[in-house]
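Two complexes follow with chain A in common, the first pairing it with chain B and the second with chain C.
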Partner chain A sequence: MVSLDASELTTRELNTRIKELATNGTEKITITNPAARHNIAVGILTECELEIDGSVGYYVATLLDGPRITINGNAGWALGENMMSGSISLSKSAGASVAASMRGGDMFVGGNAGARAGIGMKGGTLLIGGDSGFLTGFMMQKGRIIVVGDVGDAAGDSMYEGTIFCGGEIGSLGADSKIEESTEDELIEIWNLLEERGISERPHFKKIVSQKTLYHYDEQERHERPLI
Partner chain B sequence: MCGIAGIMYKNSGSTKSAPIGDELVKMLETMVHRGHDSAGVTVAGEANDSDLLIRIWADDSAPATDTVARTEETIRRAGGTINSSELRGQFLRITANYEGDIPPLAEALLNEPGVVLHSIGEVSEVIKDVGTPLVMDQHHEISKLTGTHGVGHVRMATESVVDISHAHPFWAYPFTDVTVVHNGQLTNYHGMKREYEGRGYHFQTGNDSELIAVYLADKLNDGTSLNDALTESLDDLDGTFTYLVSTKDGMGYAKDRWSAKPLVAMETDDVVALASEEVALRSVFTEELDRTEPQEHEVMTWSA
Partner chain C sequence: MVLGSNQIWSPWTVEDIHAKADLGRYRIRGMSTHQKVTHFDDLTFLSTGLTRFPLEGYKEQCNTSVSLGGLNAENPLELDTPIYITGMSWGALSANAKTALGKAASMAGTASCTGDGGMLPAEREASDKLIYQVLPSRYGLNPNHMATAQAIEIVVGQGAKPGTGGLLMGVKVQDDVAISRDLPVGVDQRSPARHPDWLGPDDLAIKIEQLREATNWKVPIHVKLGACRVSDDVKLAAKAGADAIVIDSMVAGTGASAEILLDHSGIPTVPAIVLAREALRQIGLYGKVSLIASGGIRSGADVAKALALGADACAIGVAALLALNCNRDIPEANFEEEIGLPAGQCNRCHTGKCPVGIATQDPSLMKRLDPDEGAERVANFLNSMTMELALLTRSLGKGDVKSLEPEDLAALTIEASAMAQIPLVGTNKVFGS
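Coming up: the complex of A and B.
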């Protein structure tokens, strides 16, 4: 187990050190005194276990492929952006754009998430223990967002594919999204996830998906269509 | 992009000795990545024996000493007496006793060649300059200023030029002690500006953020409360914005309907602190803290 004191390192030094330790197979890396700084744990493509003891700023734990990261505190904007695989667990709340462009793996936000949670998601699962903000799942393409609490206005706006499960109230639906009944299998799977996270609520999640009326990818261009 | 910060000590009314200047500089310096063109602060709730604190930048259209002389003469002609007059480079700080109305005094000052009026306040002053917060502090000794509350700004110009007048905060002329700092862009700036100019309002710059100060001044002039003015701005202003306003005895924020620009807020029994990013709060409050992130289409005000 190696501990790094962020207050003694520049961000570049910190990230370089994390990558070195991960590549060398260090079992666990702990970062202390992050002091809400930005860009901690960026671009780590090796599996490792990383714990950040304190709140972090923007773009933390982004561009990851493999690491399992725990953060004890709040996060700023764009936590976990473009995660390819691995897991991120945030104990408290995340700012806007959490899990932006996420492609795989699992993210968990213990508290609330800000606006545009899961914007442009392309895979993986984002689980939010509290509420999620305005434009949740905006332009989502694939993947799953599960919100135990309420979801704000314009939920699922301009979704292509993907699913948002809401356990509480939905402020309003966004452009081209609609509500569907969750299947029993879906509910059971989600409840198991909640159980794993020690969340006791078992709401009957509503499912938000795309209506696909603004969605014309299977249509031919005008000049491609036959004249007759 | 821009970064904003605000801080208010709830119980320092009588002592007025909270280190507002120092803490604003610290908060702003941590957000220099959000903008390093210019920086500015409003330090408010200062202990002040005079009626008015006047802050002027003497621009290059006239020699500074000449502008100072004409400024002092203008104040006297309006019936004021000068208690102190300090010129630091091209920055003039005057304290004066004056019992008349502010608009005619401000009008007279604005008409003087070389005068760019940064603020007239009873208990607050605007200090703004090009450069980073640390550079600004070196030039203007902001970290020595104490008071009860204040707001600050670091600038990354996106809509208008970089110069001293285009820096924030903007004073809501002619309301003493009402100043604004803004992160974002206003898209209905030109139309609204033309309307306000048609009604006799002054714009000293081409900065879209100045519109917020004029908008609030107009609302306050109509007798609208600050809280209501902030609320109405959410629908009247188009564009992206999180802005902070400092007043004689407090401060407030407004967040646009898109939640496009960030804000974190921390409140304890003793203090309220606001900033674009938590890392700014941590420069003053070094331990792990509880903070909230205000949501879209939201306003809040605090007063002592």
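Coming up: the complex of A and C.
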């Protein structure tokens, strides 16, 4: 295990060291004193285990492919943006746009998440232990968002595919989204995930999916009709 | 007098109303605006005479190379010519077209750019210098691909349709294109207009730092803007840390857009360059942050004029596609039957039925474009433009395209004088100054 003190390194130095250690196969990397710094652990494309001990700023643990990251604290905007694979576990709350455009892997937010959680998600699972803000799952394409608590207004607005599960109240649905009944298999799978994360609640999750009414323009121009 | 001669109710207006009365929605098409706007043709060069002497037009050396985005990047984008191929998506274009463009760029010593659909591996292989776009949609965005790029371009807006996202009709969202974008097959894709993870310029500064960290501060970070509120946008992008700013004007092309946006938003290329130049000058970053102009660049003369007005380089889209055979009556195609318009008038890229195999995902149509032959044509065109640029530069007595400057130009119209801030020919007057 290698420990890096963020207070003694610039962000560039810190990320360079993390990438070097990850590439060299270091078993575990710990970062202390992050002091809400932005852009820590960006662009790591190898498997490794990383623990950040404290709260972090924007864009932490982003553009990743492989690492398993634990953060003991809160996070600013865009935690885990565009993660391809691996996992992120945040003990407290996340700001806006958590898991934005995430393409794979697993993300867990122990507390609440801000607006636009899972915006443009393209794969993977985002599990939020508390509530999430407005426009959760906005223009979501694939993947699964599980919110144990309440989901804010305009949930699932303009989503293409993917699923949002809400254990509490839904503020309102966004354009072209609808509520469906969760299947028993889906509920059992989610409850197992909650068990793994030490969450004792077992809500009967409501499922938000796309109505698919915005999939196509209704009419084609005359010259397009025989073509499309 | 007949209705067709009426200025307000022209035949085009009548047809447009009939079409929308059938359709019940806005119209969609490709190509670029039909508006008549001030363009480079409204400027002319003041070549040498007795006040200065020319260089031999066909012999003496003229440096056309440029270095872009060196403000913070360890490896700026070094190009043999100040003309590169702009971002056009794999999806809007066929894989053969993207591959040909990448190969042509390499042959001409310049760069190509990905687009709103992720990186096509064949384009990466073909293109020595690939600019990797980060768009609001993030379709196909892969940090492993990003790590191989020679520059990163954050797209804030597109000149053809500023303030909106991309548009790809379902006929093109097929097979690998749908998989790459993580979209349902056949969906009419309407890309987001806003980035998912940042909103304003303060956020953008952090986003730029993120991309620098992801690419280890090696490559330039460009910011592409649709030319609207140019002065403010350029200052904000530069202050946020962009190494290069791409200003994409209202005459720029697209594979699909609501027609109303093509014709009624943005400003032309000439004033966009001048406003961007002055904005950078006002904050002390002119000459430090690279300025790239795009929109309606058709020839070496257009490039020379853009550089004289203050751009460091130009990006071409439609012109490269025309070189690739867009709107050309090739033997394999029957434009009238297949697309409903004669070759030379087609703007139906959005239908996916491109008769020359460029703007299509139909395998039988794609076969009509041989990537190697296409690459040769585009490389020839890029080289022709570069020769024209060098010829004009020498005629002005200069041995480096970077020496082109506003005083090399005169304006042919009052409007061009005002927009370019160049004296009107035959006068010493700069209108609007």
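Heads up, the rule we're going with is that the second predicted complex is superposed on the first by the 218 of 228 C-alpha atoms of A that agree within 3 Å, B and C clash if a C-alpha of one lies under 4 Å from a C-alpha of the other, contacts with A are read in each partner's own complex, and residues count from 1 in each chain.
Keep in mind that, in the parts below, a contact is a pair of C-beta atoms (placed from the backbone, for glycine too) under 8 Å apart; a residue touches a chain by one contact, two chains touch by 3 or more.
Values in this document were obtained by computation on a predicted structure and should not be read as measured data.
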{"item": "Partner chain(s) touched by A:His38 [first = chain B, second = chain C, both, neither]", "value": "both"}
{"item": "Partner chain(s) touched by A:Gly95 [first = chain B, second = chain C, both, neither]", "value": "first"}
{"item": "Winner by number of chain A residues touched, once chain B and chain C are compared", "value": "C"}
{"item": "Partner chain in contact with A:Phe134 - chain B first, chain C second, else both or neither", "value": "first"}
{"item": "Partner chain(s) touched by A:Tyr58 [first = chain B, second = chain C, both, neither]", "value": "both"}
{"item": "Which superposed partner A:Ala115 touches (first chain B, second chain C, both, neither)", "value": "first"}
{"item": "Touched partner set for A:Thr16, first chain B, second chain C, both or neither", "value": "second"}
{"item": "Touching partner for A:Trp77 - first (chain B), second (chain C), both, neither", "value": "both"}
{"item": "Chain B versus chain C as contact partner of A:Asp185, first or second or both or neither", "value": "neither"}
{"item": "Touching both chain C and chain B, counted on chain A across the two superposed complexes", "value": "38, 57-58, 77, 116"}
{"item": "Chain C residues touching chain A - in the complex, by the definition given at the top", "value": "19, 22-25, 27-28, 137-138, 141-144, 146-147, 169-171, 181-184, 186-188, 190, 192, 196-198, 203, 206-207, 209-210, 212-217, 339-340, 348, 351-353"}
{"item": "Contact set on chain B toward chain A in their complex", "value": "33, 258-259, 262, 264, 277-279, 281-282, 286, 288-289, 291, 293, 295-296"}
{"item": "Contact footprint of chain C on chain A as seen in their complex", "value": "11-12, 15-16, 19, 38-39, 42-43, 45, 57-59, 62-65, 77-78, 81-82, 84, 97, 100-101, 103, 116, 119-120, 122-123, 138-139, 141-142, 160-161, 214-219, 221-224, 227-228"}
{"item": "Touch list for chain A against partner chain B, complex", "value": "35-38, 54-55, 57-58, 73-74, 76-77, 93, 95-96, 112, 114-116, 133-135, 152-153"}
